[in-house]
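Chain naming follows the written order as A, B, C and D, and within any one chain the residues start at number 1.
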Amino acid sequence: MHRIQGIALVVGTFAALSAQAQSWSPPPADKRCPSKWGATDERGAANYMNPANVLRASKLIKTGGVIELGHVLSSSMPFFGARRFEIHTKRTSPTLGTNKRMGNEEVVMTELGQVGTQFDMFAHQGIDGELYNCIKSDDIATRNGFTKLGIENIGMLFTRGVLIDVAAAKGVDMLPSGYEITVADLQQALERQGLRLERGDAVLIHSGWGKLWGVDNARYNSNTPGIGAPAGEWLAAREAMLFGADTFAVEVAPNPDKSLSLPVHQIALVINGIFLLENMKLDELAAKKVYEFAFAVQPLKIKGGTGSTVAPVAMY
Amino acid sequence: MHRIQGIALVVGTFAALSAQAQSWSPPPADKRCPSKWGATDERGAANYMNPANVLRASKLIKTGGVIELGHVLSSSMPFFGARRFEIHTKRTSPTLGTNKRMGNEEVVMTELGQVGTQFDMFAHQGIDGELYNCIKSDDIATRNGFTKLGIENIGMLFTRGVLIDVAAAKGVDMLPSGYEITVADLQQALERQGLRLERGDAVLIHSGWGKLWGVDNARYNSNTPGIGAPAGEWLAAREAMLFGADTFAVEVAPNPDKSLSLPVHQIALVINGIFLLENMKLDELAAKKVYEFAFAVQPLKIKGGTGSTVAPVAMY
Amino acid sequence: MHRIQGIALVVGTFAALSAQAQSWSPPPADKRCPSKWGATDERGAANYMNPANVLRASKLIKTGGVIELGHVLSSSMPFFGARRFEIHTKRTSPTLGTNKRMGNEEVVMTELGQVGTQFDMFAHQGIDGELYNCIKSDDIATRNGFTKLGIENIGMLFTRGVLIDVAAAKGVDMLPSGYEITVADLQQALERQGLRLERGDAVLIHSGWGKLWGVDNARYNSNTPGIGAPAGEWLAAREAMLFGADTFAVEVAPNPDKSLSLPVHQIALVINGIFLLENMKLDELAAKKVYEFAFAVQPLKIKGGTGSTVAPVAMY
Amino acid sequence: MHRIQGIALVVGTFAALSAQAQSWSPPPADKRCPSKWGATDERGAANYMNPANVLRASKLIKTGGVIELGHVLSSSMPFFGARRFEIHTKRTSPTLGTNKRMGNEEVVMTELGQVGTQFDMFAHQGIDGELYNCIKSDDIATRNGFTKLGIENIGMLFTRGVLIDVAAAKGVDMLPSGYEITVADLQQALERQGLRLERGDAVLIHSGWGKLWGVDNARYNSNTPGIGAPAGEWLAAREAMLFGADTFAVEVAPNPDKSLSLPVHQIALVINGIFLLENMKLDELAAKKVYEFAFAVQPLKIKGGTGSTVAPVAMY
């Protein structure tokens, strides 16, 4: 707690905090569709998954170390809006057989794709009624899932992961509330780490905000630091496979430009076919300075789902 | 469908079908507890996960090929008993911001650990009130999960995977209903494939039964072929990390010995701390004859959960 | 079962079965709005509930007899579409106190307003985006209920109930599949019973179709007999408070005019502010020839709900 | 709010607050079983429902006035423990037919029998493993409901209702936290109102605690005033059909005798077959001084359920 409060002292470092208010607007449909993978594509940046990419990632496993990047799922997590995660134990039946077998299970009720450490799929976000590849949401929505752009199309992503430790580059434990990470911030942090991005990378951004997870859930879900639209567009131009962060939105939220609502969600999911990975647990990775690694995530294959709770890892 | 019906013709190959009825009973508590990893252990065979094991697995990624081993999750899957998987789409709000962002999500209601391709954890099964390491189910059960032995203790398992193609060794597309796979069957199939098991392997058994998935769900969930108690004990003695199969129970069910109720569940989960991976999709792996590979599975970190729906893969 | 099969023999009675195909279309907005209770009304025919009406009903309780009109709610009911009713028992905690108290409860997952014997509220149905009183569905829909026209506005309805036994008037146990009940049918049945409708009545129509409930659920939910648009309009002109029946739709479904989708739902809920009560259990009422009675129904006060499962009764 | 704070001033009236700590223990099985309605009875005090009782109640409807006694159900209600009430709107499909019909519905996830204004059934509570009529909970519990003592056995209760306004008799708006209502309190309040109890009454106790509902939910669910074991036994001896109150437990909770856990639940449900009706809305009834009325409640017929959310009324 002491460290969290201490952050107020270093806000001075971030003098430009609100100076760079954006004026971003989504490109018109004919500038964003068809996607670079064609008009019928539903996999977006998952197309970067190919044998060469898998081999590239596997060669980064050098010590056999594994670091978990997913939080435990429970009803005490921070939840956005009215979302819930409820588990109801179904206790054992009377024992069965001469071997006296007994069994337990549970029923779970949750916005499965949108709680905890989570992977956002294309059905999740749109621009004025249109999703990735300009598919109309109304055309593919049913009461029980989406007929296109569902998370079942993705499967495991295994690729080079890069941690960009912006908090460390700024010399703080945690970026301040509402701080918008700029292109320069990303560049400086990468330079400090001696790394550059490659096509198909899983780009994970460490803000330190994850320290609030389970400690101050209300604050965790408000005024989160994160990348803004310019940084999102810069990362998209680097051809990342996904953007992840230790925050609920990956991007700065609310956006310093009050007229914008989560523009990086549109830049990633709708315009560039890049996935978002929210609420990651990045503290151990940052503490161990593991900046380059094999990254693996297995979204559940929920038919027609807008995302999936996940338990990703770094192997190095 | 033609191939499925053709199976009746080859049942003669399995003349010993019911001859080997078992008379197995679980060992007393003092023979099975404490576990080989100590009295307080909650991870069982996940203890085989260590840097050496990770490196062993990573070296099996040679071509960069990835094969998915998980089925799509939907309400039309075969379900055991009264289990369900229901997804209810929560459609977009009015658009937000000048960027006209819209969002979709869904609420899911399901026995999350016990539907679809699923990973069984120790809280799931017991012997007369006792779970792994002789922990009493009543002592750790709450209405909202288990205080010990929950799936959140596991994290990703990344290890050498071995497919034992028993169907191929028998020369059939699909083992017949209720066929009990014997130790000899496993040995012959391994010999045919030129492989031997090692400590910490993920052992996946191809029965061909998965052809029924989504085609004849009622039959899929009845009279499944699978390993019996002797084969389960033989594999446990090989120190496997997990047993998987393309069936709902991994083991033969119901057991040919009518007095027994799913004894391999007890042998694996309760006595030996080995995980079960049910309802796998193994057809592509078998068709491509990929018998040895890096196996990766990421169970969700459900606090106090008895298992997790998963989307595992083979990388080779 | 014998009686059900016997119905085929009497279909000849219904020779005009498909002759009266309709050509109905909803009135334009300016002909249906504002409602007769004003532009801001959300209670529709529940406005007939007033002290005089309550006294009128209470005077019909002459013998003290009570007949239940609701089916038992269970997972084996007929369900329309993908609806479900799932109950998951949450078993006792360890006993508490020196008095060793123990408790059980259950979690229920269901389309609570739209399963079993159910009461339809105005948020449930519309005409091209508009609900009762021309309120736009999009204007009042949230992800967690409707801000207007929710079932919490209604409370108990206690009024004169009238059973119109059309099956008896036709001399059959059960009306045939797809039979459209006409105005003449209603008039003849009322005349036979020596009754006439009054303003504010709960009008319950006995078709005999309820014999299929729990016996042949698939048939129950298909080709149901019921009133058509002309009979619906005739009843609306009688100023009924609600229309009920022993079928899933109250009205004939599918409509003999294949171009129409459940027009009586629009006539009742959207145009006239009259409630629908579906899947009633009317066999006992019909068998006892209780045609006039005090009718009571207590819809749950679900904030923003489109309806409520109910357990109504007749008292006579 | 002013009135709520004012209550502190009148606590002096309740000087005996903690003096009457109880030492109650449940009677042994042979003193409480079989119930007065026989060993196989599952309806308990619902057996008081008979034609004479219905007529008795109907004669109390004199003015046609109706007062609702149920709160609105929403996710912002006070919830006990981890219970929830979640409603997820399922928005309209594309319009259907030339009549452009559209429909909305919702899925609800809740402990349906144990949230909001609720009716407790016998499967809900026990004494050391035994429920009403000494039926063992383990013998009738399944994962999907109870095979006996479920709420589907009850149906509507329509009987004389009596409001005992203890708060008014004490001259306060709201009884103080943790106040145990005594037999003398009930007698004095009844005498003040000029009423006496009769067999089969629905006895509703007004404490004023309901003022906290939705205003201070945390306080509402803690240290609630209510009847203690002696008052519960006195009411049971009067042969009430049900006990209701404007509190979450009907009884004082926690009990002043710290060794006891909700003894009135056992006195009512387990020993005497009397129902409990919790979280009632009694303010209007008290304000209008309607002390005797026809009481009607329609618990949902949930197969094997431990209770039901309800929307009861008083008619007078």
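One rule holds in what follows: contacts are C-beta pairs under 8 Å (C-beta built on N, C-alpha and C of every residue); 3 or more make two chains touch, one makes a residue touch a chain.
Keep in mind the model is a prediction, meaning the values are calculated, not measured.
**Student:** Can you name the chains that touch chain A as well as chain D?
**Tutor:** Touching chain A as well as chain D, we find B, C.
**Student:** Same or different: at the chain A/chain B interface, is the fraction of residue numbers used by both copies above or below half?
**Tutor:** The interface of chain A with chain B is built from mostly shared positions.
**Student:** Pick the pair with more C-beta contacts: A-C or C-D?
**Tutor:** Contact tally favours C-D.
**Student:** Suppose each chain is reduced to the average of its Cα coordinates; what separation in Å results between chain A and chain C?
**Tutor:** 47
**Student:** Quick one: report the Å distance separating chain C from chain D, using the average Cα coordinate of each chain.
**Tutor:** About 29 Å, centre to centre.
**Student:** Hey, what residues on chain C touch two or more of the other chains?
**Tutor:** Expected reply: 75, 82, 86, 88-91, 107, 109, 143-144.
**Student:** Can you name the residues of chain A that touch chain B in the complex?
**Tutor:** Per the stated touch rule, the residues are 24-26, 49-55, 58, 61, 63-66, 68, 70-75, 83, 86-92, 95-114, 123-129, 137, 141-146, 152, 155-156, 158, 255, 259-263, 265-266, 294, 296-307, 309-313, 315.
**Student:** Considering the complex alone, what residue numbers of chain A touch chain D?
**Tutor:** 75, 82, 84, 86, 90, 93-94, 109, 138, 143
**Student:** Spell out the residues on chain B that touch chain D in their complex, using ranges where they run on.
**Tutor:** 82, 86, 88-91, 107, 109, 143-144
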